[in-house]
Every structure is written in structure tokens, then in C-alpha cells.
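Report on the structure given below.
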Amino acid sequence: MKKFKPTIVAFLCRWSAYGVADIAGISRTGYPSSIRIIKVPCSGRVSPLHILQAFSNGADGVLIFGCLEGGCHYINGNLRAMNRVKQLKKMLNTVGLNSDRLEMHLVGSCNLNKLVNYMKEFTEKIRKLGPNPLKLKEGW
Amino acid sequence: MMVRIEPVTRIEGHMAITLVIEKNKVKNLQVNIIESPRLFEKFMEGKPAEEAIRIAERICGICYVAHGLASVKAVENAWDISPPEAAIKLRRLLHAGGYIHSHMLHLAFLVLPDILCPGEGVVGLAKKYPQLCKKAIFIRKFGQEVTEAIGGRPIHPSSIVPGGMAKPLSAETRESLLKKGKEVLKTAIELVDFIFDLYEKHELLNMYPEDPTYYMGLVKNGFHETYDGKLHVMNPKGEIVGIFNGSRYVDYVAEDTLPYSFVKHPYLRINGEKYRVGTLARINLAEKFGIPITDNYLAKLRSIVGRPSHNVGAYNLARAVELIASIEKALELLEDDQILSSDIRVQVKPKAGVGVGIVEAPRGVLIHHYEVNDEGIIRKVNLIVATQQNIPSLEKELFQVANNLLSKGVELTRIEQKLETIVRAYDPCISCATHLVKLKIVKNKK
Amino acid sequence: MKKIAIISLMSDGGCHIAFLDIHEELLQLLNQVNLVHSYMTVDRKDIPNDIDVALIEGGVRTSHDVELLKEARSKAKVLVAMGSCACFGGIPGLSNLYDLTSSLNYVYKGTLTTVKGVIPHENVPNVIRVAPISRYVKVDFQIPGCPPESREIRDALISLLKGEIPPQPTKTVCDECELGPPRKKPKRLRRIYEPPEPNTCLLEQGYFCMGPATRAGCGAKCPRVGIPCDGCRGPAPKALDQGASILNALITLAYENIKEFSLKRHSAYFYRYSFASSIIEDLIRKRLVKKK
């Protein structure tokens, strides 16, 4: 049996997490290849619709990374995103998705290890949860 | 052979009629309501009760005012609220507006073409009788203007709230409605006289079946009533055999489900008999209207058809009388200074309970029954809608008429037209009836 | 003369009435075009060929609706979704939150007054999930609203008959409303049985007003009588999902105050007219497909 390789959509804010991910690439620390990165100007740009669309299109997990509290370039975009994620997790169960498939973390622009660890832990969690029950075809 | 009329046209909603004919006799007739069942009684569960009003209005695109009023009455009944008198007057005025538009639509567009230009529908009527159409449109437009003035919108009003109404009527609007209303009444009198004359000239009542049934409708102290009062049940002899209110309707009404129709068939629990509702039922049940011009027409109608009348064609004449009544009543309410009051809303506190709201929709008795929890969220819904109560009688009458005409050797196309004309007299509102006449001819091999 | 037809699927007839509410203009219109099919006003039972503009009233709810819809599409040059049921599924779309079989069981067997219970199955079509007509056929133009404004139907017809695309509103109800825009965050959620303060934005006061997420064109009639907009005209022209739009806005505006969000209850506000065309409906259908 082929080992399940999750597909995870990760929204990374360009002011912190995206830069860090870049460094992870350059410094050969690496991050799990399951993670597909989408750069956003602020984590606050991510709307509930984007998250639901990701799941609808077959993502096994969705990760959002924003700036540390007090560090958002647009003042409170990160906090808004945190609340969206909080509300949306409650709703995921209603449509048959485990709310653990959605997660958000706040990271600073220097914390390479923290970012990569979050990514590795999340990938492992999703691998254990199994593929998205709503995914109609394998691969993406 | 099987014959299917599909769809029955010039009614509101989707209906088919299936006849099985063997050896030149109608062996079986089904009224198939094929209207897509939307299942309001289920999806209203879990919704805040005060939002049910605007949702329930969408049960019907013609009698939405009636649904809105029955719904708010059910909520107010569940929460023990009595709205102020001025709010009730505004609701009665809104109700009158709904009757004017609905009855005029039916008489002009759904009935008159059958008499004046059979087979050509409204398009034919518009070509051959443009002045008549203009008058009907003028009257109907007034009904919609009243609804818009009180309800905020001409279709699916939004100002009905538990506790009263959301917005008072301005003095300006009241003046302009009064002025127009007086002209409308004159025009309506001309039109109703015309309809009565047509009926007499062509002896139209003879073309409709007689069906001695029970009747049910709201009456208040003997007066014709559409908003309040108690439900009265009359037997075919004209005797009142039951009077009840609110949740006691469950003791009187039961519904049968049928495998061949999306509409359930109600009947009287007390004796298993079917009953009719609507314009003729209300006219049979009420002593009088209490407004002079209408009461004259009522007397005229009774001199022609008697009381109680069982003639299906009398439904149309009764509708014409109610058209006059709605306009006269609207003018009476507009003339009452209390209609301008701003004391139109009381405080509301949701609580757990059961509420029943009963009104007379243009087509008959309408019952909304909600069970709500302590947050004021709906747990359960039961609806009895006007038209479904007439379907059992309609089926029986169509069966009789079809048989009658077949035995006389009338050809199938004419029978089709005839059956549809009878359906139209009831002004069925199928969207309501399904919360669903296509005469399909299936030739069995003999 | 050009031929127009009004074909009704799962509908309450309200859009037909909105069409007739052009009142005196109806007589002129009937002289200029050939109304070849309209079950409420014309006696013709079948759908004729070579229709120039077909207005479809109502969404899809039965197999019969699908048949009629496909027949209309094949016989019409231009097909228009008229009304929110045709465009988005409408209020009956809320029925898709519940399992179809248990809903049919309740309505036909389980209500208080129902005595003998049987789910209709003879000479009647199959009941399926509520859907906007665009799920089954290509739609050339939409006139949303519950019902649409009469003049919108008339203007769209006139343009389409000339071969032009009718202009569409680009703004939201919020832009047409005199009470707005909201200047403060709502302090608590309010239900409409509480009377509002006059001359103040309803969203600001805490009502679930769909104004910011609803297509303009009605003149904000409901806020004008002090009742929050319920979104009957569907999403703003560029928005994909009406409920997600307003949810996003409300969480942003008042996240401290929305403690709990329940799809069953709050769909009455966020998805009242558009549930059947929402992302949630999409996810539910995928789950149902997988079950098979």
C-alpha cells in the first residue's frame, strides 16, 4: 500500500513567514514537500472562502502563518485571521472535516526552527488523520 | 386508456390530471400535484422564529401577505404577545391589499379568458378586450401599492414583526391611497357588474357541478372575517357543527397522504368527510360583511345561488363580491385616523411554547403551527394551507364531470378544457398546496 | 415578432407576479412580442421551438424540473435565470442542510395532522437536492432577486430582445441604504423582534444585515422600514459566496461578540437565498458522492 503523502496548502505572510521559508530553502534546512506555499500580503488576506475552497479542491490540511502579536505590518490582520480560523474550525465538523485539519500559528521573521517544526508536526498530524474525506480523486 | 392533462394552465402552480378511461367510463381520476415539494415544514426547523415570517412568505408568490400574517400570529401566540390595535389595523389593511391583487389577478387573467376568448389566454384577452384589461390592471395595481406602502415591498413584505409592525403609515401616503382607492372602487363596481351580467347572460352556473360538502372558514360575531375570529364548520345543509380556535384545529383536521400527489388531502376528523374553504365557504358561513356596498352584492349573490351554495362556479362570483369587500374595507381602514398611529409595536421576549396562527388567505383557511424552544428557535412546524383543503372535492367533481361528458359523447379536447375551467374556479395556489392538471392520454390496448 | 417564454420550475410564482407587476406596460409588451409559453397566463402546454428569450423562474428540485430545463435550453436562443431560486437555489436551498429522505419522511408521514403516511411515488417525479439552474445548463444571463424588481425584468427583456447585454448593478445594498455605513463595531447581536434606533446603521446596532454582501438594485427597501436586509438579491456581482462574504466581514468587525456560529441556525441569515450555490453545499455534495 502506497504511503499516504498529504497535500497541505499553507498561506504564508510575506512580511515574516514567507521570508523564513525562503531561508529554509536556501540554507538547505528544508521543509516537508507536502507543504504547498501561497504567499499573501498579510495573513489577514486569507478569507474563510479561501480555506473552504482549498478543502473543496482536495487539500488534506490548511496551515496559516502570520506575524507575531503586535508585529503585523497592517496592525491587526494577524489577529483577524486568528479569529477567522477559530470560527471556521467550529464549522468544519458540520461539513464532515476534522477541525484539526486547519491550523494557524504566529511566527517572527527570525524563527526558522519554529516555522519548520510547526510544518513538520502538522504534516505528521495530517498523515495520521488520513486523506481529506471529501477528495474525489488522488493526487493534485 | 389513460388520459393526462399536463400542465393545467392558467392556475398558480403545477398540476396534472390523470384519467383512466375504460369502456367509455372514467374508472379512476387522479389530481397529480407535481409541483416540486420544497419541504418548508422541515427546513424551517432550527431557525429563529421571528425570521420564519419572511421565510414563510416565500411559500407563495401570490398570497405571501396571508402567510406572513399567519406566521407572525403563530409566533405571537407562542410568545404570548398582543400587538397594539393600530398595528392590527395596519395588518388588516395589508391583508386587504393582498386580497385586491390576488382576486383581481384571478378574475381577470385566470377566469375571464375562459368566458370571453376560450383557448387564447391572457394574450387573447389583451388583444380583444384591452379596456377591460386596463381596468383590471388599474385595480390590481392599487392592491400592490397598498401592500408596498404598509409592507415596504409589493411582493414579500418585510415590515411584519412579532409585536406589531416595523413602520407606521405616513399621512401623505394615506392621502394618496385614499384618493386613488375611491376611483378603484368605482372601477371595481363596473367590473363586478360586468362579471355578474356575463354569468347571467351565458347561464354559466349551469356549466359547473354542484357538490354538497362541508365548509370551514373564519367568522367573527357573524361577520365575514379574514384576520381574526374563530373557525366555523358548516354541514351541507347549512348548519354550524363546530366552532374552534387556535391549537384545537388538531381535533378537527387530519391529513391523508397519497402515493400519486405531492399534496396531502385534509379531511374532518369528526366524521372523515372532506370540506371546502375559500371564497364560497366564507360567503356561506358569514351572515354579512357589515359594509354597505358589499352587503348589497352579497344579497344579490344569495338571490342567485342561495345559502349555502354548493355550485363550484359560485366560487368566482363570491370572489367578485370579496374583491369589492377588500376595496371597501381598505378605504374604511384608510379613513380611520388610528391608521397613522406610531404606537404600533410592543416589547417582545422570546420563550418556549407552541403557537398557532390562523388567517383566511384569499384561497381559504391557512394555519401555521410552530413549536419553539426557550431561545425562540423553531423546533417543529406544521402547516395546513388553503388550496390543499379543496383538492379532495376537486378530484371528486372532476371525476363526475368527466364521466358525465364522456357518456354524452363529448370529445376529449373539450373535456380537457372543461375540466381545467372547473379547476380554475377554485383559484388553486399549488405552491402553497405542496409546502402541487396535465391530462395525459395513455391509450391502453383494448 | 420575437418569441419569449416564461418557464417555471420549483418556484412560488412570485417572479411571474413581478413580471405582471409592470402593470399597464404589460399590454404594450404583449403587442410587441409573442408570449408563447407561460403556464400562469397562456394556455399552451408544450414548450415551442425557436424561442428568442426564455425566462426560467425557479430552481431545480425534481427530475421533472431537470427535463423541462434541458428542453427549454435546447429550444431557446437566450436562457435567463430569473429570480434567486433560478440563480442560486433560493430559500428552498435551505432544505439541503437536512437529509432528503428524513425530510420527506417528516413532511409526508410525521407532521401532527398527518394520519396515513406514504411518500408520494406514483405518477410524480423524483425529488432531488435543490440546485440553481446553472448546475444543469448553460445560463446566458441572471436577474436575481426574490423577486427581482419588475423594471429589472422588463429592462432585461428589452435589452436581450435587441441583442444587447443589459447593464448590471455593480454595488451592494449597503451603498443604496441611507442608514449606513457602519461606523462602530456592534456590541452585541440583535434579533429583529427588538426595535432598532432610527437613523442608525442596522449592522452597527448588531442586526444581521446582509446589506454589504448583497447585490444592489432594490433601493434598500427593507432597511427603509427598519428591517435588516436578508440578502434576497444574492451576492454582489464579483463575489463567489454570499455567506462567506458576510461571515468574513462580521468576524472582522465583531469577533469578540460572535461566540458561536451554527450553520443550522445562522444559515437563516447568511445563506437564506444562496445556500444551494454555496461552498458548503459543494462540500456536502462531495461527501454524499463519496458515500456512494
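Order as written gives the chain letters A, B and C; numbering starts at 1 within each chain.
Everything that follows uses one rule, which is that a contact is a pair of C-beta atoms (placed from the backbone, for glycine too) under 8 Å apart; a residue touches a chain by one contact, two chains touch by 3 or more.
On a predicted model such as this, the values are computed, not experimentally measured, just so you know.
Nearest chain to the global Cα centroid?
C
Could you tell me which two chains share the largest number of C-beta contact pairs?
Greatest number of C-beta pairs in contact occurs for B-C.
List the centre-to-centre spacing of subunit A and subunit C in whole Å, with centres computed as mean CA coordinates.
So the centre of subunit A lies 35 Å away from the centre of subunit C.
Could you put a whole-Å number on the gap between the CA centroids of subunit B and subunit C?
Using C-alpha averages as centres, the distance is 25 Å.
On a C-alpha centroid basis, what's the spacing between subunit A and subunit B, in Å?
Result: the chain centres lie 57 Å from each other.
Could you pull out the residues of subunit C that touch at least 2 other chains?
none
What residues of subunit B sit close enough to touch subunit C in their complex?
6-7, 9-14, 16, 18, 30, 32-43, 45-48, 50-51, 54-55, 58-62, 64, 105, 109-110, 113, 119-123, 126-127, 130, 133-134, 137-138, 140-141, 144, 151-156, 158-159, 161-163, 166-167, 250, 253-262, 264, 266, 345, 348, 350, 369, 376-377, 380-382, 384, 429, 431, 435-436, 438
Going by the contact rule at the top, pick out the subunit C residues touching subunit B in the complex.
Interface residues on subunit C, with respect to subunit B: 8-18, 20-21, 23-24, 26-27, 30-31, 35, 39-45, 58, 61-62, 64-65, 90-92, 94-95, 97-98, 102-104, 106-109, 111-125, 127, 130, 146-147, 191-195, 218, 221-222, 224-227, 230, 232, 262, 264-265, 268-269, 272.
Note which residues of subunit C are touching subunit A in the complex, please.
Contacts found on subunit C: 240-241, 244-245, 247-248, 251-252, 255, 258, 260-261, 263, 279-280, 282-284, 286-287, 289-290.
Contact residues on subunit A for subunit C in the complex?
For this pair, the touching residues of subunit A are 47-49, 52-53, 55-56, 80, 83-84, 87, 90-91, 94-97, 133-136.
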